[in-house]
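Shared between the two complexes below is chain A, which pairs with chain B and chain C, respectively.
And now, the complex of A and B:
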């Protein structure tokens, strides 16, 4: 299965340290928040990409293996990424959303993270619309319905919630803190 | 503050070169500040001609095939990659004098300095290695 990413780095057939070096170079050209896929056949890359993400501060999303090819997904973050102020007034805590999901009420969760983040774990039946695409994809949402907006830490969902309200949507809730601390069930693609 | 890695390269064989440049490029690619001090036989690793034909250790010549099969980059490739990633290369002045070598005998983009130059770089390093 192909996950939509902003940049693919092909390091198949290359030995250590080339997969990491190629990743580093490509990462320099990406914007914060964009997602890179590293394709490698080097078995050491499985541990190395995680260690590399750990020392550079980028967000390791996960690895998929197809035959002898590993696909590693990393999202670019800046070490000094400023945590934006939560400006959207209507929030619900993770626990509350989890309770609602376990109940009988039909509710719509919109996950505004990147497709690769979504692929490695999301709330059941959540609709994935990355923040950057939200404005073009408003048609997929029902204006009057209750919408629970979620991301990793509440930042992007805060922006999304504000945008939706501006566009005339009612009953919007920002889910905090978001998937980074989600304890409920998750689905994987 | 970024991690700082200080390396001394004092040996001139092919295996030594891979140890030095693999660690150096991996560290630099992980956003570390890296400096290598090349001294004695280590100067081979940055000598214009010598670094293209570094000797394998005696009895290990059969590994040449393994290097090829694993698609390991050549030493000149690793050196230019290291420089591109900002690895600082310092050649030891004293050894150069002893071996009668000039700065132009080495690859471009190096610095020449004495032990104190390396110590000044390494004094606040998080990782110090010697190969």
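And now, the complex of A and C:
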């Protein structure tokens, strides 16, 4: 299954260093938070894309292997990215959400990360609506139901929660600190 | 200009040429552009080799960080995993005005597979002994040649060099022997015997779980080469594995496998029986080897550091000399010996369990997987090199 990304770099058949050279070039043209998929057949790309992401501060999401093709997913980060203030007043901790998920109550978790982030691990049955698409997809959410908004670190979900409240949704909770520190079960695509 | 078609302004260095530099203790400055993890696991070593690591992807914005660290007057070799990145970075360094810039042909992949044959010496009854030095991994294998016939001992996974060597000397490989079931590299013994029709011999005590037919190496079951004057005499010397067998050849050469090295001794833990085999190991080294003539030339299956190579690139020592210089042969107290060979051992070789399974014939990884399993140093000795 194809994961929706903002940019695909096809480096199939190219040897090292070309997969990383092309990834770096494409990354420069992306905005912070956008996701790139690198397609490569060079096995060396598996370790190198992670090492490169580490050294540049970009967020490595994961690798899928299909036959002899590796698909690597990286999300653009800026090292000087300013952490926005958490302005939404209603938050629940990861642990509380985990407890609720293990209980009997029907609850709706909305994961506002990018599809590639979601694909490499999300809360069971979470609905994936990336922050950038939220405004267009409000129809998928039931007004008045309890909605738990989650992202990687609580930032994007904070923005999403504020947006939803503006649009008249009630019972919204921002889950903190988010998937980056989630200890409960995860599902993968 | 397209990114793939820059003119080559640098010189290729072959693994053979690099071997000459390492063995000849020549000076060389190496810029290794692999990622940090790969570099820390395993790199090119040499007495007068200076090496630094800057991953190629940290030099994509400019090679200045590398230029600052590279001395002007030395030969520079750029190295990567396969060769592409070393050419890419090397060319930019040359374009920046540096001279004497080389890249390693085939990168660390080819370096880890390169076998360099060197002559050890003649046999009294006619013939020669050759050592095949796998310098990138520290593995040593042997070919004994006499009267148009040859025996290969502890064959590396890559069998072509033995075939080429035998063909060039017009000799037929008749027997293929392994001193033990290897845990650090995949034996080419079975394939070599399949290709040449040679008999494949293994120590039966290491071959319990082996899935293919083989001949049993037994003490006093001598293997004769050529007209029969040269014989390979197996001596049962357990300790690294329970079947470990040494070979006395022509009453001159003692092939010690992974029991005795030049600067260290074999570790007893790679088949999972460290505690059980300590006394076997001690007995093999101190009693069995201790009872052999001092003039014997010891030829091990590994070296640790490249300073164990002599100027011609050979690894050898007189048995009598090792009893005074090798720390593993000079531990008087049994308890101390037990501690040395069971505690604080170096990390185990990469994928050693899978390598053993492959050597038993239980799993059949493809060539790329086999290559991957063999990455890194051999680590068969108790002393960390």
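The criterion applied here is as follows: the second predicted complex is superposed on the first by the 189 of 189 C-alpha atoms of A that agree within 3 Å, B and C clash if a C-alpha of one lies under 4 Å from a C-alpha of the other, contacts with A are read in each partner's own complex, and residues count from 1 in each chain.
In this section, a residue touches a chain if its C-beta (ideal position, glycine included) is under 8 Å from a C-beta of that chain, and two chains touch if they have at least 3 such contacts.
Not measured: the values here are computed from a predicted model.
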Consider chain A as the common anchor and indicate whether chain B and chain C clash or fit when overlaid.
-> clash
Which of the two partners, first being chain B and second being chain C, lies in contact with A:55: first, second, both, or neither?
-> both
First, second, both or neither for A:86, with chain B first and chain C second = neither
Considering only the touch criterion stated at the top, classify A:47 as touching first (chain B), second (chain C), both, or neither.
-> second
Could you say whether A:13 touches chain B, chain C, both of them, or neither, answering first, second, both or neither?
-> first
Can A:21 be said to touch chain B (first), chain C (second), both, or neither?
-> both
Looking at the overlay, which bit of chain C runs into chain B, 77-85, 203-211 or 275-283?
-> 77-85
Which residues would you name on chain A as touching chain B in one complex and chain C in the other?
-> 15-18, 20-21, 24, 48, 51-52, 55
Any idea which chain B residues touch chain A in the complex?
-> 3, 22, 25-26, 29-32, 70-73, 81, 85
Contact residues on chain A for chain C in the complex?
-> 15-18, 20-21, 24, 43-44, 47-48, 51-52, 55
Of all residues in chain A, those that touch chain B in their complex | 13-18, 20-21, 23-24, 48, 51-52, 55-56
So in the complex, which bits of chain C are touching chain A?
-> 3-4, 35-38, 55-58, 60, 80-82, 84-85, 88-89, 368, 372
